[in-house]
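For clarity, chains are labelled A, B, C and D in written order, and residue numbers in each chain start from 1.
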Amino acid sequence: MADIVSLADGVGELVRDGDVVALEGFTHLIPHAAGQEIIRQGRKDLTLVRMTPDIVYDQLIGAGCARKLIFSWGGNPGVGSLHRFRDAVQHAWPVPLEIEEHSHAGMANRYVAGASGLPFAVLRGYRGTDLPEHTATIKWITCPFTGEELAAVPAINPDVSIIHAQRADRAGNVQMWGLVGVQKEAVLAAERSLVTVEEVVDELEPVAGQVVLPHWAVTAVAEVPGGAHPSYAQGYSERDNAYYKYWDSIGRDRDTFRTWVRDEVLAGRSATETTGDKEGVR
Amino acid sequence: MTGAASTTAVSGAQPEYTSDEMMSIAAARALENGKRCFVGIGLPSTAANVARRTHAPDLVLIYESGTLGSKPDVLPSSIGDGVLAETADAVIGVPEVFNYWLQPGRIDVGFLGAAQLDRFGNINTTVIGDDYTDPKVRLPGAGGAPEIAASCREVFVVVRQSARSFVDKVDFVTSVGHGSGKGDRERLGLPGAGPTLVITDLGVLRPDPETAELVLTQLHPGVEVEDVRAATGWDLQISPDLTRTEAPTAAELSTLRTLKEASR
Amino acid sequence: MADIVSLADGVGELVRDGDVVALEGFTHLIPHAAGQEIIRQGRKDLTLVRMTPDIVYDQLIGAGCARKLIFSWGGNPGVGSLHRFRDAVQHAWPVPLEIEEHSHAGMANRYVAGASGLPFAVLRGYRGTDLPEHTATIKWITCPFTGEELAAVPAINPDVSIIHAQRADRAGNVQMWGLVGVQKEAVLAAERSLVTVEEVVDELEPVAGQVVLPHWAVTAVAEVPGGAHPSYAQGYSERDNAYYKYWDSIGRDRDTFRTWVRDEVLAGRSATETTGDKEGVR
Amino acid sequence: MTGAASTTAVSGAQPEYTSDEMMSIAAARALENGKRCFVGIGLPSTAANVARRTHAPDLVLIYESGTLGSKPDVLPSSIGDGVLAETADAVIGVPEVFNYWLQPGRIDVGFLGAAQLDRFGNINTTVIGDDYTDPKVRLPGAGGAPEIAASCREVFVVVRQSARSFVDKVDFVTSVGHGSGKGDRERLGLPGAGPTLVITDLGVLRPDPETAELVLTQLHPGVEVEDVRAATGWDLQISPDLTRTEAPTAAELSTLRTLKEASR
């Protein structure tokens, strides 16, 4: 039975300094509010795991919460670069950031192995690229039947995974639909998990394309309406494309970013309340 | 990269258009009806959606966010826009995209962009500079590209051309094109044919059948060979059968512009 | 674009003597009508693949269509033994039957590897059992990261896979829901595929829990209402439990079985028309 | 196996019941509320459904056909009955059952039957006879059992007891119990605790903590130690703390019979 908690309590109890933390959500259902709560609570030395460290990790990296990033694509989708991520890699600001770099196929399979209780996964990947030279977690393995050589990547098993979903019921069964990315795998691979949801309901009405995580596979659920903003929750909200462009102007400059953290995060206001509109971006 | 070029208007008897529009339309034309196309965001997505609205209504668009057969009515702003899921034949998880659909070679065309591209069509989207651990510019990284480049039956690259981006040898091989030349893909065991077409804002390059080096095979209207040479960081060879791209038709331009307008 | 064909044409064109053939469906959506069509067309020397060779393969084995069976559980679920399967293994009747035996976990992963274009799959399985001693397609592999030894099984890539689904549209997009077993994997692993469906419709209305196979991943679709009987198609029919018991009386005896083949299969009557009721079993 | 025993009526002050009913109810009682239970068809499914309707309303039933948290209102006839999918919290594909849910050790109790069971709780459901290639009796085979026996936190075996089925050493190890004795599971790297409970129509056996050999720890009403010894193919040891099973209550019996009746 998953506990129904507040966002602050959920992050406070489940995310610890030094943890390996995965916030997942592939464009859709990105747990932005939880990311900002981690900043608010001042977590340090995190190893952040995420296929697409977009705005949510630009914020965590810029705020100095992370010492390492495990990822496959770090950009502001549809807009351009992640300036805080770049600044950390190129200039160690505000703290040095170690990186462990994979492809999407490799990262997805690392989560699959983690969810499956296997130490590694096999894929046709990386061959001929320069990634294996720089990433120690890419090795080669020989098929015992055909002799063919394939890539092997180790399982990812985060200390805690955090995702956003549309709904949960009062027992903590979680329901999401639309683009579901690697969220199920991220939760199943983790020791602990926190799911923020648009709403907690009495009964989960079936929805086409739904993925349901039973309550006994989830540690805690927090009701955070709009908790994916500027990402979206299909059936509840639209992607705030303007905010992604707006973020470029915030992330580009250290001082502007610091002001944003102070005013928009530490002051306790969540991304849900901070839309591009208010900033006059549209 | 070539922000200026992208807004250069090309005029004449035909309707006016920019070199970026020519690139998108040339890319769209390369997509045959009925093919399964793995689409990245930006130029590839624009081109694929123009194709689907012009000569290729049955083009199957596959986005790595987990949609098979998306039929968006507006240009998506990201590979994960809701419209892609809502209009898809099937919505699947990301591991399934890569394991069940891409890896076994079910996709005809992989459509990629590039920050750097070299004479053998190898792609760099990782770092600019010689030192991976201390890069001059940190780029987004691999995403789905290495396995798209490996496993799709063929790869089309759409990229604005400049001497800075078209280099003799990429600083980092994120995705393998033709490696160090003809036969290298086979030696590496990469199943697909690799880049068969590079569509830029200046023209079209194809790998030489003997050497796999990219050669100029087609010029967009108003562009001369010397313009392309000047925008290429290696000693660019010109195909003896060099052709000239047909200018965009009014219908193509209107489709492209309507799509772009709707996505604002 | 999948072709819409008749069952006879679909089996006639796609199933060839000597083929590796998988008919899948895990209790639900078992393609019985297609199995009987294979008997009717007199296919020989098939290597039959199926996790649970229940009645559908008892019929094919008893009719002498198979030279080999690759499987993980061969019984009449909820009733008892498969007498034709036993007779073939114990007495080589009507022809000798080679067997290649796995566990469910191993078979499921063999299909997954087949669908993924990988030569093998890795699992925590078989350890300490007598299966590896008798099954050459179970080997061991060492994790390149942890040194742990795990089981490896080769991909299954049938020449043709046959499944039953609820619906297809006129382009051949296939939709199924309820218990979906390993059918998607079986189709994706195969060179060719045939899907029998309850109905071909203009538009596939979304259904919770649906799995959709796009038309370009399917070779042919045949409309065969009731084609899963005595198995069932959720939303269309109920499992005919009486028929499973009735089958025990048919399969138990060679002559009774031969008569059943002659009267119920070769005469062209499909399982849909032959219910337990008619035989007075209920 | 023991068709006669299954219909033997046991009478007394308590309501009349058969030895099969006692077995099902004893098995049901062993299931703690809230546990996740991997359920095979037949006796395990009956017991699990009785438990869910008596003391364990929050028992989570998992069927290998792909259902998590099924709440059937009638006894399913197979592991793939529609009612299991319709009443489940989640319906998933078969590969996912084994890879994401069973393999990582998320299931508390694996509930297995057996054609042969040996003194160390090893299970045979493959062949009877010494020669695998020429068996005396060909049984259904492994199904999900080898990995259920390996990966569930513990395993309960429900099986009718006879000297033919309770053997010194199984003809074929389909699923590992305690292997050749204490410590063997650890040596083999099997994560779960293995069979901690064997519930028969005569009583209950548990592995000796020192040797892992199954010993008789509990007798059903009306059964004597000698009856159990006679139905065991090895020199059965008796626990010094041998207890007596409580007879089925009227409520338990009525629950069991209502379920059975509804599934006819």
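Keep in mind that, in the parts below, contacts are C-beta pairs under 8 Å (C-beta built on N, C-alpha and C of every residue); 3 or more make two chains touch, one makes a residue touch a chain.
In this text, all values refer to a predicted model and were calculated from it rather than measured experimentally.
J.: In the touch network of chains, how many steps separate subunit B from subunit D on the shortest route?
T.: Minimum number of steps from subunit B to subunit D: 2.
J.: Roughly how many whole angstrom separate the Cα centroids of subunit C and subunit D?
T.: Computed value for the inter-centroid distance: 28 Å.
J.: Based only on mean CA positions, could you tell me how far subunit A sits from subunit D in angstrom?
T.: It comes to 42 Å between the two C-alpha centres.
J.: Which positions in subunit D are in touch with at least two other chains?
T.: In subunit D, residues 99, 103, 151 touch at least two other chains, as defined above.
J.: At which residue positions does subunit C touch at least two other chains?
T.: If we look for residues of subunit C contacting two or more partner chains, we find 112, 117-118, 123-124, 148, 184-185, 209, 211.
J.: I'd like to see which chains touch which, written out pair by pair.
T.: Here the touching pairs of chains are A-B, A-C, A-D, B-C, C-D.
J.: Spell out the residues on subunit C that touch subunit A in their complex, using ranges where they run on.
T.: On the subunit C side, the touching residues are 117-124, 137, 139-141, 143-146, 148, 150, 152, 154, 206-210.
J.: Enumerate the contact residues on subunit C facing subunit B in the complex.
T.: Touching subunit B: residues 1, 112, 115-118, 173, 184-185, 188, 211-217 of subunit C.
J.: Quick check: in the complex, which residue numbers of subunit D touch subunit C?
T.: 41-42, 64-67, 77-82, 84-86, 91, 93-95, 97-99, 102-103, 126, 132-135, 137-147, 150-151, 172-176, 179, 184-185, 188-191
J.: Name, in rising order, each residue of subunit B that touches subunit C in their complex.
T.: 34, 36, 60, 68-69, 89-90, 99-100, 103-106, 151
J.: For subunit C, which residues are in contact with subunit D within the complex?
T.: So the residues of subunit C touching subunit D come out as 26-28, 51-52, 71-75, 77-78, 81-82, 85-86, 89-90, 101-105, 108-109, 111-112, 123-131, 134, 148-149, 178-182, 184-185, 209, 211, 232, 234, 238-239, 241, 244.
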